[in-house]
Amino acid sequence: MAIFIDSDTKVVVQGITGRDGSFHTREMMAYGTRVVAGVTPGKGSQNFEGPNECTVPIFNGMDEAVSETGANTSVVYVPPAFAAGAILEAAEAGVELIVAITEGVPVLDMARAHAFARDRGVRVLGPNCPGLISPGKSKVGILPGQIVAEGPIGVVSRSGTLTYEAVFQLTTAGLGQTTCVGIGGDPLIGTNFISCLEAFEEDPETAAVVMIGEIGGTDEQEAAAYVKETMSKPVVGFIAGRTAPPGRRMGHAGAIISGSSGTAEEKIRVFEENGISVAIRPADIVGLLQGALA
Amino acid sequence: MDIHEYQARERFRAAGIPVPPGRVVTTPKEAELAAEEYGGTVVIKAQVHSGGRGKAGGVRLAEDAAEARRYTSQILGMDINGFPVEKVLVTPAEDIDTEAYVGVLVDRKAQAATFVVSAEGGVDIEEVARTSPNSIRKLSIDPRYGMLPHQAYWLANFLYDPPKLVSQASKIITQLYDAFVGSGASMAEINPLITTPAGEVKAIDAKMSIDDSELFRRPDVAKMRDTSSEPLSETRAREAGLSYVKLDGDVGCCVNGAGLAMATMDLVKHYGGEPANFLDIGGSSNPDKVVAALEIITSDSNVKVILFNIFGGITRCDDVANGIIEAIKHIDVELPIVIRLTGTNEDLALQILEDAGLSACTSMDEVVEKAVELAGVA
Amino acid sequence: MAIFIDSDTKVVVQGITGRDGSFHTREMMAYGTRVVAGVTPGKGSQNFEGPNECTVPIFNGMDEAVSETGANTSVVYVPPAFAAGAILEAAEAGVELIVAITEGVPVLDMARAHAFARDRGVRVLGPNCPGLISPGKSKVGILPGQIVAEGPIGVVSRSGTLTYEAVFQLTTAGLGQTTCVGIGGDPLIGTNFISCLEAFEEDPETAAVVMIGEIGGTDEQEAAAYVKETMSKPVVGFIAGRTAPPGRRMGHAGAIISGSSGTAEEKIRVFEENGISVAIRPADIVGLLQGALA
Amino acid sequence: MDIHEYQARERFRAAGIPVPPGRVVTTPKEAELAAEEYGGTVVIKAQVHSGGRGKAGGVRLAEDAAEARRYTSQILGMDINGFPVEKVLVTPAEDIDTEAYVGVLVDRKAQAATFVVSAEGGVDIEEVARTSPNSIRKLSIDPRYGMLPHQAYWLANFLYDPPKLVSQASKIITQLYDAFVGSGASMAEINPLITTPAGEVKAIDAKMSIDDSELFRRPDVAKMRDTSSEPLSETRAREAGLSYVKLDGDVGCCVNGAGLAMATMDLVKHYGGEPANFLDIGGSSNPDKVVAALEIITSDSNVKVILFNIFGGITRCDDVANGIIEAIKHIDVELPIVIRLTGTNEDLALQILEDAGLSACTSMDEVVEKAVELAGVA
């Protein structure tokens, strides 16, 4: 088992002919993801050449891509100016999951796009996220397939490379993963910590969860309350940004301490108050997890 | 991106909000002339991207033109919370009956633009929300419908009772929403919104932050950026497409990924050091970006050591190692450099780096400890 | 029994201090409608003086009016420029039924307002409608109370005075009504014929229905198909506008034959094809109804 | 409210839609000058609020200025489906590769602006929709979100295959939606939308109807009304706030309520007469409205009898009767008047009318029969 994606996931790549889209499509296909279609307006009826002489049909629009191939998931690599539009298109075309990789999408565009997706019961992951991977089954997004391994740990994170860091340590220590999810570093994201925790709690193969947060917002705090109230599985946490100054955006659009709220101290305190062991160094995650699973 | 008060006033005024006249000046003489023109008492307000201007002495009431000149000369060049004052706004002082607060920002939980209003103005609204939550009214605007007339009225009616004030304030609230959306803002604030003895409602302060992701499609807003109000290194980083925030420490950090960059800073602190900066070079192994990053880090004279922390994911570590080596060739770095590279092909990468005489390892803790130690020695 | 409104209906009048609002509020109160609140921005905390020394509290907004009085229905008498806004406000305040009397509301405003009400599961009647009356129980709108009587006939109509005409004849002939509903003459209305027929079909006290249509649109045609497929109760129909020229708006914004569709002939034909007896003169309605009920 | 082609072209052009240049003229001389200026072949198009202009000879291709002058003099003054031609549009003829249809109107069932497009242009779209439904594509626009980029693309892609044409058409479709919403329209149509051999997509015809209820807030649109294209009586009725439509019969109808007014017309026909008009005087007993109604009805020289059919609901019948009597005093009506009044206080009302020497009754059938009979006699 895994959450959100597995070996049945049929993916359409929005922006498949772009630089990032084409590169990561090949990476996904090489990993074994079932990429069934690509969309680039104006390039319909061409084919995308994947690895191992596999080809993927390209469509002008999501509507056709979904109806012709039965895709149930899309991944968005289109530039920021068009990304919200691509999400709206995917939501209308009827996929179940939209993974929005694009960074720099205007926040008010996303407010509308999230509302549109909610209206239709479609899950959006991101934007500004690395996507997700269910080791051995499927990867959708840009997470490096070679650092993961199958196993019982669920990983959810607002960050990209920090997640790789943590996952690589888990894999090296023999702790494989059910699914690793990057929820994205933007202020308005479609899938938050709680959604992922719910899914991990319900996933019978997940034994424990690593939750990697950062400064900005209150998503971690709400997730912590959820962990205490609802979760039976152990959760180990990490929060990046203890040294971040207030009021400055630390790379991610969402990583900013506004006024006195959203500090790392606050998040760490709330984690601990709700029974989540907090790793002070990334290197401590493995140890805490082994302790929790022992 | 923060914009100055005088710029936010322009946006507000264009949306129809009643904002008193004002002139931005850079010399005491100009301030004197402006004060003369307005006549009567004027307010001199430092234009810096920082709150707490009043407490810092950056806002003064001048009773005549001579005083306006004197205060302006005191305020110009002041340092307010790290920001040097290079411009002041001169604006006629208003007769104030009451002060209220009206603000709108993107609320993460509601996933929507959200208004907060309070009949107490000129205050720290966060503080008010915490200490007397009943004295604020909050409303999220459904992005599918925008601001509805009754919603603006409902907010305005929390501030005032007299129908004439309520109707003026409703209009201002709607206009503030228009200015917010029309500027691609992440925050817009009138603090205080005043009423005058004559029964007029006016915005005598204006604050706005722009969503950086909106700038590509709003050239009129993008040109409001005041690079003089930020460290030169940050301007250069932005131009080079790097996320960079200058800090006060001495360990220069060069990391791929924002989360890992923060975690690296935290670990520097954990091992007793002080990070000199946040810097995310992004996901590529392009030597140009590394060159730009090194130039920016080394332009900070506090920096005593340069710490690379790179996780090679999709990008292979050997490519990154080659990129770093090529970058260093192009720039004369005298500071010690320590490098951590891990992920795909890391062994190959470490060999490449050591062959080039660079200090390299695969553990994040190890490289950070080494950097802190080198900074202490230097 | 009755449909949509009965003696428990608690009404708030939007625009209670206006010329029409105040007049019809008094009429409604005189009829026995429970008018519990009025709304006029800027006149909050005043009282509206009704007949028989009854007073109704006035509020600045619907939110307060509903929370203070428990009103479950609103009736809108505000001018066209503000009517859609009033409907949005009522829908957000949580009433179950909004009766929009105002004529001349911009159609695109109504498209938004109807979407907003649908999002919240709120029924809108109108706009540009006379409202409805459940004889002996409640009236909301401008229908004249003195022409109705309690009895087993449901009446639903796109028109105002033509409805009065029909209802008056029913009453005179001893055929009282469960509820008379004017659904309104605009192109975009919140409650259509089918909604009313469904409610009449379910109402145990309604024995037969009079459905009064007119040129324009296809609402009558769809209702006829519904009658044939679903209704057990007899329906008598009338269609106004057999002499209306195509392409000209006959008073009601919705009463216009576009191209070849929406003609009276077409509607009459579809009525007859679906088993609805059609009165050629208004005076024939009573006879057809008596025949159907015999 | 219908607007002319040249006015719709202006709205379209303002929204960015590529529309060839054009000049509206009222004399053959002006047409000749315009044709000279454009050079080459021009199209002369009658500006009337009616379809089927081509079939009626109201659209001609003129190969030179002299021909433009000649055709214009033929077209001006023509009667097209009851509308006299007072203006023509002169526009350069375009090289046409393909013709398509793009239209948007408020769809009652979808309760939303709804696009219909077809790769067959210059056609009766209703006919196409009926006979070959597969050759149209339809899409309703959610009023909460407006036109989304992929929706415009989806419609455009139904018309064209070459990406360059699709992208031009998407843009035009989005602009048409903007023009539609921004004008408060109930219908807007480009028929045909052409492609040229050079690969350009252009609108060479433009049609738009405005929602009357929008006019109060769109003065720029409201002033496009061409009262010369409607009977004077309709202009006067509108100014008096009455709903009036002139017809060809001789029984002048004055009714309260639109549905009852239509039913009255139908009943006139049923009893062998012909209604002279639709007229709804609304719900009040105000004598001014009745005066205006009588003036408008009697200005139609076909009218032989005036029929009042009033249902007194909230308004009491005696008030209405007094209103009619007072109105008749102010205007010299020589035609027979028959009145039906029913509802509240009808007995009282009938007495008042009969005392004033007017023919009154309470049955709709009775009064209509009497009116038809009087019209036959007169």
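As written, the chains take the letters A, B, C and D, and residue 1 is the first residue of each chain.
As a working rule, a residue touches a chain if its C-beta (ideal position, glycine included) is under 8 Å from a C-beta of that chain, and two chains touch if they have at least 3 such contacts.
Predicted, not measured: the structure shown is a model, and the values here were computed from it.
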item	value
Pair with more cross-chain C-beta pairs in contact, given A-D and A-B	A-B
CA centroid of subunit B to CA centroid of subunit D, Å	56
Whole-Å separation of chain centres (CA-atom averages), subunit C against subunit D	27
For subunit D, residues that touch 2 or more chains besides their own	144-145
Sequence positions of subunit A contacting 2 or more other chains	112, 116
Chain contact graph, described as a line, ring, star, complete graph or other shape	other
Subunit B partner contacts - residues on subunit D that touch it in the complex	144-145
For the subunit B and subunit C complex, residues of the former touching the latter	145, 148-151, 153-154, 157, 163, 166-167
In the complex with subunit A, residue positions of subunit B that touch it	106, 108-109, 111-113, 126, 142-144, 181, 184, 186, 211-214, 216-217, 243, 245, 247, 255-263, 265-270, 275, 278, 280, 283, 311, 313-314, 342-344, 363-365
Contact footprint of subunit B on subunit A as seen in their complex	23-24, 27, 80-81, 104-108, 110-112, 114-116, 142-144, 146-147, 157-165, 168, 185, 187-188, 212, 214-215, 217-219, 222, 238, 240-245, 248-255, 259-261, 264, 280-283
Residues of subunit C touching subunit B in the complex	41-44, 60-63, 82, 85-86, 88-89, 92, 112, 116
